[in-house]
Every structure is written in C-alpha cells, then in structure tokens.
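Here the chain labels run A, B, C and D in written order, and each chain numbers its own residues starting at 1.
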Amino acid sequence: MSEKPKIAFYWCASCGGCEESIVDLAEDILEVAKLVEIVLWPVAMDFKRKDIEALADGEIVATMINGAIRTSEQEEMAHLLRRKSRVLIAYGSCAHTGGIPSLANQFSRSELMKYVYHDAPSVDNPESIEPVSAYQSATLPVFRDVVRSLDQVVSVDYTLPGCAPNPALVLAAVRALLSGDLPPKGSVLAPDVSLCDACPRIGSKPTELSIEAFKRAHLHPIDPDQCLLAQGFACLGPATRSGCGERCIRANMPCTGCFGPLSSVRDQGAKALSALTSAIGADSEDEIDRALDGIPDPVGTFYRYGLAKSMLRRKVDLATTTKN
Amino acid sequence: MPNVFEPRILAFFCNWCTYTAADLAGVSRMKYAPTTRVVRVMCSGRVDPQFVLSAFAKGADGVLIGGCHPGDCHYLEGNTKFLRRFRMLKRMLADLGIEPERLRLEWISASEGDRLRTVVNEMTEQIRALGPLHMPAHFKEWDTEVLVEDLSHDREEEVGERV
Amino acid sequence: MEHEVHTNGKEEVRIGFYICHCGSNIGGTIDVAAVADYVRTLPGVVVSKDYKYMCSNAGQDMIVEDIEINRLNRIVVAACSPLLHEKTFRSATHKGGINPFFFHMVNIREHGSWVHEDKALATEKAKAVARGAVGRVRFHKALEKRKEPVTQSVLIVGGGIAGIQAAQTLSNAGKKVYLVEREPTIGGHMALFDKTFPTLDCAACILTPKMTDIGSDPNITLWSYAEVVDVKGYVGNFTAQIRHKPRYIKEDLCVGCLDCIDNCVFKQGNTDDEFNQSLSKRKPVYIPFPQAVPKLVVIDPEACTHLNGGKCEQSCATACERDAIDFNQKESFDDIEVGTVIVTTGFKTFDAARKPLYGYGRYDNVYTALEVERLVTSSGPTGGEVVLRDGRRPKTVAIVHCVGSRDHQTNRWCSRVCCMYSLKLAHLIKEHTGAEVFNFYIDMRCAGKGYEEFYERLLEEGNRFVRGRVAEVTDVPVSAEEEGKLVVKVEDSLAGFVRRIPVDMVVLSTGLEPRQDASNVRRMFNISCSSEGFFLERHPKLAPISTTTDGVFIAGCCQGPKDIPDTVAQAGFAAGEAMALLDKGFVEMEPMTSFVNEELCSGCKTCIGLCPFSAITRDDAKEVAVINPVLCKGCGVCVAACPSGAITQNLFEDCEIFAEIEEVLAHA
Amino acid sequence: MKYAYYPGCSLKASGKAFEESLLAVCSALEIELAELDDWNCCGATAYMAVDETKGAALASRNLALAEQTGLDMAVPCAGCYGVLLKAQAMQRKYPRLADQVSVGLKAGGLTYGGRVRVKHPLEILAMDFGTKAFRSRVKVPLKGLRVACYYGCRLVRPESPFDDSHDPVTMDNLLKSVGARIVDYTLKSKCCGGSLTGTIPEVGQNLCYQLLKEAQRREADVVATACPLCQFNLECYQKDIARKYTDLKPIPVVYFTQLLGASLGLDPVALGFPRLIVPIEPILRERGIMAKAGTEPAKAGV
C-alpha cells in the first residue's frame, strides 16, 4: 500500500482560532483527511513529541505551525518539526508576523508577570505566587523575554496569513501542496495586492482624501457603504494584503491589518502610518496633533498583528533576563 | 582617541533647502560635529517612515530630517505631508522606548547654514547625553535567549536581498 | 587583482570608486588614501583611487579609461557637493560608455572637510558615506533623460532698467518677450532720478529712449499695470496667468493726448503723487510722468469721484474725443506660455521712519534721498528748485549715510549705492542752492569705474565730510545758534569728539531692501531667498543669475543691491542665458520621476490626492494609479505614502535608499 | 491677574510714592502683586560693572525666587528691570556664565531655569490689563492735562521687549487713554544723568536741565516718569538747577502710576501726592481735574 503523505499541525502562542479555521474547512476537511495521514495535531489527536522524534528527518511532507514563539518549548518544537518536515508553513498572523501576542513586546517579562499574577483585576493570589521554571524534579518551559514570529526561530517555507487564515486560502494551499504545484519558497500564499483591490467600498473612496480627525470605531456610528477611511476610521486596508474575503469590511468594521504587508513593504506599520497620516486635512502641528488624537495607541493600531516582525521588533528600553 | 561617545545621526536632507544649507555651511567653513551621515532626498516628503525605522534598526543613534520651511517647499507641500507622518511617528517611537530627542524634524532653508550647524551640534549633545541607542546590539542581546539549534538549516535560500 | 564576483541579483556589479583631494580642500582634513583603501575592501569594488583634482580633465579621463579597462559598470565619486559637479561626473561616466545614472556622488567637502576639524572623525565620516554610496549604486538602473521642447518666448517680470535691458536684448535676437510691469509705466526707480553717478548724465536722456523702444517693439508684448498671479510648469514649458488691473481707459483707443486730465472736474490734484514721492498732488485721472510708457492715462478708483459712487459730471469722458474712457472696465486675465522667466522685480527703499531718532515724519525738513531726487529734477514737483516745505532755500544741508544699512538694528548689509548717490545729491544740492553740504558717513565706498574720482571731485568742490554714524537729529536746541534748526548729533570719529551741527535740511540716504511681497514672488516662481530676503542665486560666483528652479533667472536689485551699470550687465547676462535655452530648443528632464508597478497597485487612491502637481490619476478600467511622467516633478511624496510599495522613484528607489542607510551605518 | 512683585531698594526709600501709587492702582484694578519673600538688591548698575558674573548671580537670585512662584515678575524700578533683563540675556547668550551662575545659586539652594518673564508695570497695565480695559475704569479723566512722558534710558534700552527703544509710546498711549494730552517730547528716552547728578553735578544736572527745559518749551504741565531715579533727579534737583539756569520754572515730576491713580479717582494720599516736592495739586485744580481748595480731597475723589 502506498503510504499517504504525512502532515502535522502544531500550535504555539496562539488563541486557538487558527485551529478553528482548519475545522472551518467543514466537509472539505474530510477530503483532505482521506488523502493525508495526520501525524500530529495536539488540539484534536493524541500524538506526542516522542512520536515525532521517532520519525525520520524530512519524513513529514508538510507541517503547519500557528502561533507566535514565546517559550523554550515552542522553540524546541519548531526546531523538531522543521527537521522532520519537508515543507514548513507559518499558519496565521501569529506565526507570520507575531500576531496579537507580540504586542507583549511592549513590556518586559517582569512587567507581564507582575500584571498577570498580581495586578490584573481578576487575580486572586494572596500568597503572591509566581511560576518558576524548575521545582524539585519538575521543569516548565522557559518564558522568553521576546515574542517572535516563526521565521525568527526557524526557516519557513510558506506563509498562510490571517487571523485566522480564511478557509478558501487554506484549501487552495493544501491542494497545491498535494499536487506539488507550489510557488517559489518564501511566498505568502495570498494575493500580493492590498485589500482595497477587493474592497466593496473602493468606489466611495475620494481621490482627494482629507482626514480631519481620526475616529475610533467603537465610539462612532459607521456608514455601511462608504469607505471607512473617508469616514475617518483608521482602516489598514490600503497597507494590508488581500485574500481575507474582506470579512471585517463586510461586517462594517475597519481592517486591522491581519494579513500583513505586501512583498515590497518592509514594515507594515510604518507604511500604514505613512499612508494614513499623509492624508490628514491639517497643516499646522497643533491641528495635526488634534487629528492624531483619534489614534491613542499607535503601536496597537499599526502593529496590531506585526510588532514581532516590525523593524524595531520590541520596545527598546525593556529589561532583559540574559541568564535563563 | 579619547573615549567620548560620538553619536551617529542619520540625516535625510531635502535637495532644495536643507542640503543646500549644509553646502552653504561648508562654503562658509562653519564647524560642526562630524556626527551626521546625510542621505539626500529631493523632498522631505519622500522620507518614508520605514527609512527612519530602518536607520534606527541599523544602528543610528538619532535621525534628523531637514526640509524647507512651511510654504517654501519646492514641491509646494511635501514638507507638510512629512510633518503629518512625523507627528504620528514621534508618538509611536516614544511608545517603543525611543527618546523624542533622537528623532528631529527641522525646517532649514537654503540660506540657513548657521541654523544647520546649531541643529546638528545641539542634537549631537542631546544624544550624547542620552547615550547610544544601538539597536543592533539590542537585537543581539535579545536573541541570546533563543535556541540556536538548527538555525543554519537551509538558511541559504532565505537570505539574499528581496529585490 | 582578482575580485570576488558581486551581483545585485541581476548582473555582476563592478564599481569604480574615486576620491578627490581637491588640492588641500579635502586632502588637508580627510585621509583620502585611507578612505580609498577602505572602500577597496567593500564588495563589488573593483577600482578605488584617490586623485588631486577629480573634476579636472585628467580626473575625468581616469574614470573613462577605467570603465573600459576594468569593465566598470558603476561609478562613485567622493568630492564636493553634487549640486556642483554631479553633472560633470555623470557625463564622464557616460563618456566611458555606460549610462550616466550608474553614477553616484558623495559630498565630503561641503559636508566633510570644510565643516569638521577632527581629522580622524572626518575621515571616518567620509568612509561611512562612501560606503553608503557604494551600497546604493549597486541598485542603480539605466535611465534616460526625457527631452521636452522649449516654448520660444520669455516672460520678464518687472519693467525697471533690468527688465527693460533684458527685454531689449532678447528682442534684438528676435525672441518673443512678455514684459509685465505692476505700475502704470515702465522705468522703475531709474525713472525717478535726475542724474546718474558718477558721470552725471541725465537719467531720463538715457532711459526714456529705451522705454519708447520697448513700447513700439513688435517682439515685445508690454503689459503695464498688470501682475503675474500664477505660474505653473517647468523649464521650457511654463504657463503664467497675468492679471490686468482696470485702467478705466480703453488702451487701444487712448492716444495719450491728456485732454481728459486737463478736463477733470478737479482743477488741482487731490491725491498724493506717488511718482513725486508724495511731494505733490495729482488728479484722479493721471499719467505718472510725461514720458511714461505706455503713454496711457489711468484713473485711480480711490480718488475718482465717479468710481467712488459720487456724483460727477464725468467731464473727462466728455473731453475724450475717442471715447476711450470706460468706467465699467473690469480686471482681465491673460494666460501665456513661455519657455523661461526672468524676474527683475527690483527693490524698495528702507522706510526712514524705522529710525525714529532721525526724525523722518516728525520734522518737516528731514527728507529721504528719493524725495530729494525729485526736488533736484527739473520735471519734479518744484521744477528743480531745492526748497524746504516752507519754501525757504536751505543754507546748510546734512546728508546722513547708511540709514537702515550696516545697522544691526535694521539691515546689516551695505546697500552699495548710497555712498555714490549721496555724493551725487551733494553735488546737485550745492549746484542748485549753493548751500553748505555735510556728508555724515561710516566709510566712503566708492568702488567702481570713475567712482573714487567723483568722490575726489566732491572733496574739491568744498563739500564737508564728517566720519561718524549720526546718533540723532533733533530740534531741541541747546544754544542760540541751534534755535529753529535741526541739529545733527554725531561723534566725529576723525576729530574724536561729539559734534552738534545745526542745519536747515537733513537728507537720509536710505538703503535698499527686498520688496515687501518678495516672498510671494519667490513662492510663485519657486525660487529661494537669502536670509535678508533678496532672491538667492544658484551660485554666488558662477551662477549669479540662475535660481534653484531651472529656467527662472533673476537680475537687478531683486537679487541684491546694485547700481545701474551692474544691473544692466546682469540683465544682459540673464537675457543671454534665456536665449541659450531658447536656441537650444529642448530641455532634458531629470529622470527622477516616479512610476507605478501595476501588479502591486490595488488602486487604493492614497497617492492621488497627495500629488501636488495632479500628475496621478486612476485608470478605472485597470483599477490602478497612473503617473503622468510629464507632470511628475519627482518629489517622491507618493512613493513614501504608497502603502503597497507599488510606486518607485527613479534614482531614489526604496532599495537604493535602504541600501544607503544600511551601508552608511554599517561602518562603525 | 497675579504677579510676583519685586520692588527693589528704591521703591522702599526715595521711590516710596512709586510703590504706593503702583499698589493703589493695581489693587483698584484687582491686579495682585505678591511681594517676593526674601528678595535682595539687584546689584544695580554698579555691581555688573565691577564683576559681571557675580552681578548676574546676584540678580538671578531674584529670578530664581520668582520662578518658584510660577508667576510673571513685576519690576517697577527701571534700573532693576534693566539689570534683570540683562542677567537673563547674558545667561542665554553665554552658557558658561549661566553655569557659573547656577553653581552660585545652588550654593543657596536655588535653581533658575530661565523661564521667568520680567515685566515692567507699564507693560502689565498697557498690555496685560489693556489700555482699553483701563479706559473703562476711569472715573476722573485727566482732561486738558499736558503731560511730557519721560521713559528714561534704562527702561527701553538696549532693547525693550514691549516697546521701541528710541521712540517708546506705551506710556503715551496709556495716559492718552485716560484723557491726558501728551506733548511731543522727543527727549523721552534720553538719560537723566543717573548718579552723575550727585557725583559730577555740572554734567548730571545739565542733562536734567535739558529735559526739564524741553518739557517747559513744549508747555507740559507735568513730567510723568517710570523710574525712581529719573523722578528723583528731575524733581529733587530742580531748585539747584534753577539757580544755575534761571529760565527754568518749577514743574511737577510724578510717576505715571500717580496720574493713572488720579484718573481712577483714588485718594491722593494713597497715591503719595504729599511726598512730592513740587506739588501737583495746583495744576490739577487749574485744569479742573481736582476740586478747588477747600473741598475735602478724598470725598472729591481727587
């Protein structure tokens, strides 16, 4: 019997949404399942690390890893799967550019620990207990100082962008994988053109855009037909790859940039910032500043999914723990 | 050489005003700190925030952008367009821990060689007081924590400029 | 020596690097050999040399030869400012057989050796910027300069002696000229003068024939009482809009008979006569002076009863046999196309009231030099009689030099003409009145042909010269002889004591300043001003009439104070440059325009509204942005803003700039 | 409106009428002048001439004290005003001197950040309060009173932040707005002789004579001053001067604040009128601004 190609799924620092997106393939998943042998899928199946270690190098045809890399365990698994896989796919925004978890690159480890174990309003920790990486014979993965995208830890062959990737793109990617009809290595498996290309509202975008003041989407009513930028909402569509199916736009919300930058852009946040602010309808410093007040958290706005892969990667002056 | 920290300031000067002002400072033999490295652009409006981030990421301790005074832009209002980006960029960089003194925008007209000298000297002193930013060292330091096993694994294909 | 093959992903890159000593200008501060040694180690560099004078023929030939011998395909020269010699080395690169844009220039003189004292640090800086250039030039692409035809006409803005001279020169060569003058007549300040220094020839005798010629020259379209309100385009292809102020006279019907003026209901003048520096009155319908060109009357809407809505029998209109008077005239506009522009907008004189200690405006008998010019002119308000406002003839006159010039409280510059015109006025006043004339000066600056001799003549004529800046002019007497006089208080710096000299009349030799609206003019023509506000020449010595905008030239006092001979020479020079452009017939456009990569463009429209020249439109069929290369001026605003990285600017491509940033900083 | 008030030595001695009238006017206008705690002599002209650094430090101590209040500084004495501005300008221009001054201040537990705005009451009343607002408070217009406005040399030289240094007009405008007639007085910013009146009287008193003579020639009823030393010189030496220059007639020399106070209808005693050597009441009565003798002054509201 001809062996079915082995594939693996793994998750790192992620929310589980990417796993959901695989399930979202619905009945198509059965077609895939028939054709392949899944050797690892922690969310759904009970294979262990030792099962993977037992495989020969390169034995897995393709592995999709979602989630950012935050812990030593995630690094180890990334390395292991890289070694065992012929094709490694960064699946979803977190693996692609760091995703929401990489916004934590604005804080030091101790700040994070302090908040999560002591200061958060929901915490009840009267004895002020914090996790330790080793206790007696037990060890825990090391929590790193820096959140990374997958390709900052191992080399990645392809990327499926999105938070989460949309099922059509996933299916297309799997089919390409199985047929061997693959684009050049390093490709992002989504159109290399910005979201405006497919945006249903592009017709209503004025050519002389003049943003008097940025508005925050939860504070103002949103016209469901008009270009969101024209309404003053910081829509990152112009600076974001398309292929998502314009889901946010169709749900009357501005694009927040989860599909990442185009191939010719090196820093999505900087480009988005440049495109959006150049069109501010003010010339004096004070007026410009007033217009910008509608973006109170520029890092969270322009690097919502991409701080790890931004040029600066992380807040500069944070403490690091050089010894782990 | 005495052990003084010499800041490295990457400067983007517009061709018509600030670059010419720097030429004038030269012709007038005005002396100022040898800390700037000038990248000539036609207009401050050409300065992409990516350039600024790249400069910091590649090791600049400060970034100075020089353009024409408002209303004097050779291209009407390229300087204003950069000003808009600059105001946001400055806020964003502050959130990322880069001190405001490290990023400066100055309107320096072609006749203001003296102003150029003052600005460069002032900025040099301010950054000298702050100390080096040295992002490449930060990156290196951050990455000491990562597992390096297998990092060389088929790296060949990945490196190389994306042109 | 063998080199590693270095590519930019497309071709093998072979870079030649040259560093110039510029005599000791660079070599005295920067260790050029060390820089050359350093650059030689950089990837892709095949040749790295230093040379005494790169811009010399030998230096350029070296590049040409090396390109051939070493199959160089990229050239970097570290020398002076690219604004000075980029063209030189581009053409050397081209001469070597490769595209001229495979060249990049590094400025280590103006930005290096001339501004830094620490030799080691200056050398390190030179290495860094050289490395940046080597890094960037790898990505340079072959570019072509686009040729555009030059419209065969010239716009001259300002009809003073500079504009007149330039217009005549161009017309003599058969060029079409539009001469636009704001005032009703051409002639400018020179028309106000009686005599000119040092020859004392009559200003009107040498100027008015030229004015008349202009008025009748078929090559010259003279528009007086008109202003340029808008200028668009670029060298060779400017469009300008001219606004004609209503004269309330049909210009084609008026023959300048002046019957209307004689028949105006006002028998005497009712308005200050600007031409006579308000020393006399004129009527609402007037001609600035008898030799005005064009010889057309003007009706002043402020002063005219009818135009102010009052009741008037309009006797002027009745008197005009040709029915030339048209009270309903409105302003009108002309749009013209020209290949080049010469700006000759002149100067204004310093407002003497800004020096309150000299009492102008407070004491009747304190005059400005221009007022006295009118007093000594036979066609002036007093028929050439130098008399005080009360009709008395002054017995003693003080001429105060440097009013508003060489003064840190007002203008720091020397106005260059005041010493000489003060001498002229001293001579004329003495000649007309026999008065004792005192000149109060800081230095006598009489540099010019025949100028010093004129000064000597004045000394011989018995004029008094007191060296010292006048402290004040006062009417407060401290002795009987000062009663009823103006007292000039001055420290006589030759005699070494403070003097009080009572006089009947004080003449303030006011300096020259940029016109109030110089900055509007500057913006309209996209040229620069130096710090004091005069228009900035491209190079103080080698390009004194060129500006930072190609095809826009400047001449006369708008560029800086100067006398008539210098103005005329400069105007001729500007005309020559304009003519050279016209006769060449085409201009080569810098290729640093931007273009859209249609594959990457999503048609998001971000760039369209940002373009200041409306060069970007959206192709709605393809749903992409399109840049019109003719309209694009290459600022790069759209490139920086394009969120898709879909726009590229030639010579300033992202990859080039990123490489420059990275490499400049890679040198520790 | 509130200011940190630095009176300086003169206003506590020979210039008492200046302080009295200034405080009276300000209190009537609800302008609060909070006197600085523990102020010291500004150093006057003498100290700067002897040792600039120490002179600047001495003056800067007052600036440092004022800076602590966060208020603008009100400085009525033209001498102090000039010295404080000079101390500021020198520190701006010469960083080394600024360093030395700050070392000195530090020894006294003080710092000066260069942020204080030093203002003369002329500027405060004419610009901050406003000439227009002042006019609306006038109860007794100084109709017909011919005033020679004399600024002296220290107030507006070498550079004034609020007026022209050769042809100042702030006082002219202020007094014009309360109804006075301002005579053309071109000597308005000439020197009164300063301390020369006492040290070399033949020079100093001659300067005073010229100023007074010109005021007389212009038919001024009164000379208004803005500096305690000017007022002192022009008033106290009048008898001496008149002995030498017999054509000089007595003329009242007052502080501009005294005239402003009169226009607000304030009590002449509160305005320091009794301190004047050449009384002003006669001319005020003659011009009908003050009630004729016999009427009780306070009630007449001047």
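Methods note: contacts are C-beta pairs under 8 Å (C-beta built on N, C-alpha and C of every residue); 3 or more make two chains touch, one makes a residue touch a chain.
Since we're looking at a predicted model, the values are computed, not measured.
Identification of common neighbours of subunit B and subunit C yields A.
Two chain pairs, A-C and C-D, are weighed by contacting C-beta pairs, with A-C ahead. Taking the mean of C-alpha positions as each chain's centre, the chain lying farthest from the centre of subunit C is A.
The distance from the centre of subunit B to the centre of subunit D, each centre being the mean of the chain's C-alpha atoms, comes to 52 Å.
In whole angstrom, the spacing between the mean C-alpha positions of subunit A and subunit C is 57.
Averaged C-alpha coordinates put the centre of subunit C at 48 Å from the centre of subunit D. Computed from the mean C-alpha positions, the centre of subunit A lies at a distance of 30 Å from the centre of subunit B. For subunit C, residues touching at least two other chains, in rising order: 610, 637, 640-641, 654, 658. The set of subunit A residues touching two or more other chains comprises 263, 265-266, 271, 274, 278-279.
Taken as a contact graph, the chains fit none of the simple arrangements: neither line, ring, star nor complete graph.
All chain pairs in contact, by the document's touch criterion: A-B, A-C, B-C, C-D. By the touch criterion stated above, subunit C contacts subunit B in their complex at residues 8-10, 81-83, 107, 109-112, 114-118, 120-122, 124-125, 128-129, 132, 139, 522-523, 526, 528-531, 536, 548-549, 592, 610, 612-613, 633-637, 639-641, 649, 652, 654-655, 657-658, 660-662, 664-666.
Those residues of subunit D that touch subunit C in the shared complex are 164, 166-167, 184, 186-187, 210, 214, 217. Within the complex, the subunit B residues that touch subunit C are 1, 6, 8, 10, 15-17, 19-20, 22-23, 25-27, 29-34, 36-43, 45-51, 54-55, 58-60, 71-72, 74-78, 81-82, 85, 109-112, 117, 160-161, 163.
Remark: subunit B residues 48-50, 52-54, 56-57, 70, 77, 80-81, 83-85, 87-89, 91-92, 95-98, 133, 135, 138-139, 141-147, 149-151, 153-155, 157-158, 162 touch subunit A in the complex. In the complex of the two chains, the subunit C residues touching subunit D come out as 355-357, 359, 362, 474-476, 478.
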